[in-house]
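After this come two complexes, each holding chain A, first together with chain B and then together with chain C.
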Partner chain A sequence: MQPTPPIPTDDEIDAILMPHKGREGPLLPMLHGLQAEYGHIPAPAISRIAHIMNMTRAEVHGVVSFYHDFREKPAGRHVVKICCAEACQSVGGDVMVEETLAKLGLDWHATTPNGALTVEPVYCLGLCACGPAAMVDGKVVGRLDAPRLERILTEAGA
Partner chain B sequence: MKDFIIPTSMDDRDMGTPARQGAPVTLTIDGFEVTVPEGTSVMRAAAEAGIQVPKLCASDNMEAWGSCRLCVVEIEGRRGTPASCTTPVAEGMAVRTQSSKVKKIRKGVMELYISDHPLDCLTCSANGDCELQDMAGAVGLRDQRYESGRNHYDPLGIGTLAAGDIRARTRDTAEDLGNPEYIPQDQSNPYFTYDPSKCIVCSRCVRACEEVQGTFALTIEGRGFESRVSAGAAGDDFMASDCVSCGACVQACPTASLQEKSIIELGTPERSVITTCAYCGVGCSFKAELNGDELVRMVPYKHGKANRGHSCVKGRFAYGYANHKDRILSPMIRDRIDEPWREVNWDEALTFAAQRMRGLQERYGKKSIGVITSSRCTNEETYLVQKLTRAVFGNNNTDTCARVCHSPTGYGLGQTFGTSAGTQDFDSVEDTDVIILIGANPTDAHPVFASRMKKRLRAGAKIIVIDPRKIDLVRSAHIEASHHLPLRPGTNVAVVSALAHVIVTEGLMDEAFIRERCDWEEFSEYAEFISDPRHSPEATELLTGVPAADLREAARLFATGGNGAIYYGLGVTEHSQGSTTVIGIANLAMLTGNIGRRGVGVNPLRGQNNVQGSCDMGSFPHELPGYRHVKNDDVRDIYREVWGVEIDNEPGLRIPNMLDAAVEGTFKGLYCQGEDILQSDPDTKHVAAGLAAMECVIVHDLFLNETANYAHVFLPGSTFLEKDGTFTNAERRINRVREVMKPLNGYADWEVTQLLANAMGAGWHYTHPSQIMDEIALTTPSFAGVSYDVLEEKGSVQWPCNEAHPEGTPLMHVDGFMRGKGRFIVTEYVATEEKSGPRFPLLLTTGRILSQYNVGAQTRRTANSEWHHEDLLEIHPHDAELRGIKDGQWIKLASRSGETTLRAKISERMSTGVVYTTFHHPDTQANVITTDYSDWATNCPEYKVTAVQVSHSNGPTDWQEAYNAQAAQSRRILPAAE
Partner chain C sequence: MKIYVPMDSAAKALGADDVADAIRREAEARGLDVTLIRNGSRGMIWLEPLVEIDRGDGREAFGPVSVEDVPALFDGRMDCLGAVEDIPFFARQTRLTFARCGVIDPLDLADYEAHGGLAGLRRAIAMTAPEIVAEVTDSGLRGRGGAGFPTGIKWKTVMEADAPQKYIVCNADEGDSGTFADRMIMEGDPFTLIEGMTIAGLGVGATRGYVYLRSEYPDAITVMNEAIRIARAKGVLGGDILGSGRAFDMQVRVGAGAYVCGEETSLLNSLEGKRGVVRAKPPLPALEGFLGRPTVVNNVISLATVPVVLEKGAQHYADFGTGRSRGTVTLQIAGNVARGGLFETAFGITLDEVVNDLAGGTRTGRPVKAVQVGGPLGAYIPVANFDAPLGYEELDAKGGLLGHAGLTVFDDSADMLHMARFAMEFCAVESCGKCTPCRIGSVRGVETIDRIARGDADAIPLLTDLCETMTDGSLCALGGFTPLPVMSALTHFPDDFATQKEAAE
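Right, the complex of A and B next:
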């Protein structure tokens, strides 16, 4: 099982949020800052952002939940984002991915029980010319096929 | 708005988008020519032409959103099919709202909506009152071709639920039945449910919460197919969110997704009556919707000029007290207050009361009895009660609860401007640039007006908050005060004078206005007085605790920021210098030229639904209706002529004087209508002693209130739903109250007063309240033009309404002050006698909370108590730590007057040294603590400053125990013999 992440204190959260306060449109930079630090948006941060920005928690929640990239819980140690957009589908990516995930017993958005890996769909990485494409911990890879994807996923801990 | 079920006049239609002001633009819609102001949407223009474009996400109380794609139209010369809600009109535009192209689009859109909607219309609570249903009909939807698949409505899993399946009705179960998209109903709010499975994600609720109410409690979470309405953040339900239960979202919802529980339980209403809310001084107009004589729901009335279609949790939902089991419907009497009550018939009760009162007058003199009129009752009822004392008792012993709230307003504004009322209408705030808010907490006490104020603030107006507490208007979602001046309780005059000092000494006053509109000599004297360095912010800082630099900035902002309006509440009046502060506020307005046009003015936020009216109706012991002194022979002549009796020319007793006289043994009988002086008036022990010393206390009320513990006669009252009449709100607006159902007790309150008067030999024969209003109009110049016919025709009017102002008077003092020249009066600060010291080091101030109303007689008997079921003492963390007090602990609150126990709430809203509580619950009896200090001019009690100490407690005080025992003893009732 994954260890429960420690809940950050208000001061720790504020230290991440405050540098963005004066910026134009500070909410997204704040959320990116939190995600970069904690790998997710810790629940207490919603209230802190609401307080600092003079918004409500509902409004912050609306933004956080709109972007799939912002997560409410930490992801696995590795995150593999597999492109499911039209260009990758047209070169057989969709079938290849579904089959590989099924073989390895992985689900979209889910984290493996050992906490090693989270698999997510992504809609276009801009690598249409060399699809099917994916992004492994922020690094893009192209020209995937089933064995290669399986290797990537198993190496990541699936 | 759901306006399809109840047939209403054309005027009640939802026009789709808000009205605009602008130059006229002419266009044709389906060949019909229509002229509308520039900026109007095509949708609204069509509605003006009588053509309803299908729509789901648009409503005329919020800005267009353009998401439902049902309102698409074709416009000649333009490509595509624009949404009519977001497209503004243009000169010469030719619009077609029906063409084969748009019909096809609409059908396709509706088909998509329906593909993810449970088609259980026959068993749905919105059946017959559902815009989705209406639109399906309007676009001619006959088929739904999509195969079942992922959906939000089927709890059992994907595609297993056929339309109308019986299992659809089990959707309120919380168990996981297999469909991950399905979210069970949120029933947490006591008044409405949220059923996500019926949501079409039109965002109307979210926008209503933001634009109309200004709370921002709702959002759309997720995106695409996952989009759902969410109250608060992840894991919150409605009760856990910031929701204030104003009902705007429920009203906005086009389906049954947000639905009143009363509608779910009772079905859709079949008739409606327009009436006026009986809670605060905003005076919202409501449509009471009924089935037979059963009230199904209250919906804010779109054309109500005070509320403009908005409401709060009290008026919208908290009407359940009207049918509460505690309500007493049979008259009761007893010889002594330690006896149980005896239920008797009306005749016996009235004869008993009349004989006792007359007997007291025979034994102790004509002036030994009196009345207290109610600010909760109608103008007509109040008028009759004061007439009772003046014409039947033969004295002027009449007073009203305004004594304990806004009597200083009457005095202060009367002295300076010449009228005892606010100068503006509520609409005026839409033109305000800078607001000063003193001693008022509108988001709790006047929530519907607060929403309008917040809307204006979000649009760019600025606000200066002068209050010891960090109230919501200091900082809450998308609102932030430019300045918060957290003064020490009791130093209002010093702060207001310091503001004036800065304006005068820095030359920021509006000299042209003062020269033209005010007495220049009086101003010169005032200017000399106020320029004295002892009034400077620097000199008063130590006293008031308000940083001088901040105060100077605030004064400059108010004087130079454009239209400046001052709003104030009981935090101004309920002080030993309440009248002085009101005068100071009037001075500030005159200094800056902020009187006599829209967007400015002096605006007292009156506490009770008809406190303005009860003052207007001559409830005060020195004034006949219309604020005319009883010493004035000409005025007394008018009444002698109409009433046929001589009016006493000596002012009568005020409430505190009545109680003092009772203790002394010279005041013996009281008729108290719709007011609970024992709980609401200061220094409870003294009030109790006064009441106990009387020989005949007649309580005329809905419930056996605290005062009734000392009563000999109980006359059952009627609720605002059960009578005709008028209420006058804080903007002087006379609004009709209409009989929604017959009085449960048999008589409206005005009839009971008439019966009592006649039992005492008066011979009155009013058969309808309109006749009482006619008498008021006949005898009172400022009401001369008011009649029920006029009110019926205009909806409401603001007094003065007479020959000079036939349409009423939305703004006062437009061409000059009512008294002639505006009068500056010097405002010397005199510290209150009530001071904190070693024994009582903290200052207590009191106030209201949103969900409860005053002594809580009504709201405590509704589900509103789920928000606030006990009074709490708010205390700053520092003061709490010093005393070792933890959040939620029982504490003892003691003053020189008495002590009580309640629980602590640690809050940074408080300044150090100041504690705060509400007075909604009789168990707490916050007024045991308050003192008998009062305003120098009007005797308005000093509720807002009491020196107290807070310490640990392990149970109720002796007083609380003794009181509760007495109350239990006193409330015994013997049923009438069969």
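Right, the complex of A and C next:
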């Protein structure tokens, strides 16, 4: 089971938000700051942002939910993003990836029950001349094949 | 002895960090005095990690180098590729925007200056704003982000706008599959982007700049942030640029994984901290952009090309190219190719020369079926149209779109119905939701293509109609151009759409 993360206090949240308050267009930097600290946007942060930015909670939620990057609950300890875009498809990436995920019983966007791994699709990592490509906890990997992808996913806890 | 190992993410994705570590260890074990430089990529991705060794009489290239190769590399037992400049793929290029990329240490400002850096900015400082803008206009430089709008004309609008604050916003969202030129220049020669944005600031009277950089590029974010910090510390940015008494400063803003935020008005909303929905135009961002102020929004390559235009003069730049496409195009050769990478050349080269000659055909060795030019919103061009010269108008005449100049090659195993379906699906996932033709049309598009796949021939005219509605009715080019890959696939590869019933007859 995934441990439920402790709910941060308002003071802890404010400490992340306030340094950005005076910036032009502070909301994305605030959200990135929260996600870097907690791995997701904790629910109480929505109210804090609404308060600090003089927005409604619905407006803040609207922004958070618009962007693929921001999570409302934590991801696994490892996040593997696999490119699904055209250039990676052209070298067989799509078929290879689907087969490997099926073999390991993994689903897109899902976190493994042991909380170790989340697999996500990404549309292009700028590695289109050395695909199929992926990013493992922020580190780029190119020219993937099935055995290598399987090893990466297994090592990450699949 | 100097050894160069790229820190470009494509090189890293192929093991460059491990190779660099192995080189460090091997040098130490052998007691050799080695200066290890992490340069950008020379752009020949099939040779990465490409290591260069300078023993005092010029750089010699080796690649691809693996960790296991490192002892042989030191023993002189590894095959040498000669000087990078003599490798045909490189020798045939005209490198203006990418002149320093892979040559210098990306974060060494002195190295940057020694290779022509800051000359353009120094010249701009001595010019009036209208002179700077005229220089860019005369160079014929057009936006490299996709639409090909003349950069100088955009700048002139912003220059003439009267406002207490103006902005330079660099579009580094590079979401198109098959493109990586923005990433390469930001990782390999970040000061050229900083210099270009600073010149833009002087030209239009803007003192603040933002680089809206996609979150999928963590390495580029790190390099850009570090370069900005150095530029500020050395007085290239700040309140007194190069002692001129003029001000310009900039910062990186990280995107959050939305393809549509590459569209300039959606980008501006995102930068302001809103949902990245597209704004109706007018008003133009040039007049009412970031926070409602006059704003230049330009692609990374457009801005990174400005320094060489100022350094060498408008005419030098304009002398390259064809028709109304002046200067160089930074082609990104991607997908199923034997030799992929970045190829900078004068506009006008044909697809045939690029794909069959330079890129050496497919990686799989099978025949080429199609090339998607210009990313997810670009057409699939069949081999029969490979005589098309690469230029804005020239490609348009063939029903294509140059876009950000990414070329994604497919071999004959590609299923074009599947690619058309993917284009619709991508549009459905990435639509900002503001206009119906894009938001709903793309979902219907996926369903209609599925009907065709199930053997329903009646769905083909429906797909054509739907594409027309999306083209005519969408607010921006996401819904407006998704029909391009779909219809080009349908038109040029009807066999892939032949219904099962027909196939059975």
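Just so we're on the same page, the second predicted complex is superposed on the first by the 158 of 158 C-alpha atoms of A that agree within 3 Å, B and C clash if a C-alpha of one lies under 4 Å from a C-alpha of the other, contacts with A are read in each partner's own complex, and residues count from 1 in each chain.
Methods note: a residue touches a chain if its C-beta (ideal position, glycine included) is under 8 Å from a C-beta of that chain, and two chains touch if they have at least 3 such contacts.
Remember, it's a predicted structure, so these values are computed and weren't measured experimentally.
*Asks:* Could you look at A:E72 and tell me whether it touches chain B, chain C, both or neither (first, second, both, neither)?
*Replies:* A:E72: touches chain B, not chain C.
*Asks:* Of the two partner chains, chain B (first) and chain C (second), which one does A:R57 touch, if any: first, second, both, or neither?
*Replies:* A:R57 contacts chain B only, not chain C.
*Asks:* Is the number of chain A residues in contact higher for chain B or for chain C?
*Replies:* Answer, by number of touched residues of chain A: C.
*Asks:* A:A158 contacts which: chain B (first), chain C (second), both, neither?
*Replies:* Touch partners of A:A158: none, neither chain B nor chain C.
*Asks:* Have a look at where A:V91 lands relative to chain B and chain C in the superposition and call it first, second, both or neither.
*Replies:* The answer is second: A:V91 touches chain C but not chain B.
*Asks:* Just to be sure I read the superposition right, which of the two partners does A:L149 touch: chain B = first, chain C = second, or both, or neither?
*Replies:* Neither: A:L149 stays clear of chain B and chain C.
*Asks:* Tell me the contact category for A:L101 with respect to chain B and chain C: first, second, both or neither.
*Replies:* After superposing on A, A:L101 lies clear of both chain B and chain C.
*Asks:* Touching A:L125, do we find chain B (first), chain C (second), both, or neither?
*Replies:* After superposition on chain A, A:L125 lies in contact with chain C alone.
*Asks:* Quick check for you: in the superposed arrangement, does A:L117 touch first (chain B), second (chain C), both or neither?
*Replies:* neither
*Asks:* Between chain B and chain C, which residues of chain A are contacted by each of them?
*Replies:* Shared contact residues on chain A (touching chain B in one complex, chain C in the other): 62, 66, 68.
*Asks:* Under the definition above, what is the set of chain A residues touching chain B in their complex?
*Replies:* Against chain B, chain A makes touches at 43, 46-47, 50, 54-62, 65-66, 68, 72.
*Asks:* Considering the complex alone, what residue numbers of chain A touch chain C?
*Replies:* 24-29, 31-32, 53, 62-63, 66-70, 81, 85-91, 122-131, 133, 135, 138-143
*Asks:* Show me the residue ranges of chain C that touch chain A in the complex, using the header's touch definition.
*Replies:* Those residues of chain C that touch chain A are 9-10, 12-14, 45-46, 48, 174-180, 182-183, 208, 215-219, 253-259, 270-277, 290-291, 332-337, 340-341, 363-364, 372, 376, 406, 408-411, 414, 419, 422, 426, 430.
*Asks:* Note which residues of chain B are touching chain A in the complex, please.
*Replies:* Residues 215-223, 230-234, 236, 241-242, 475-480.
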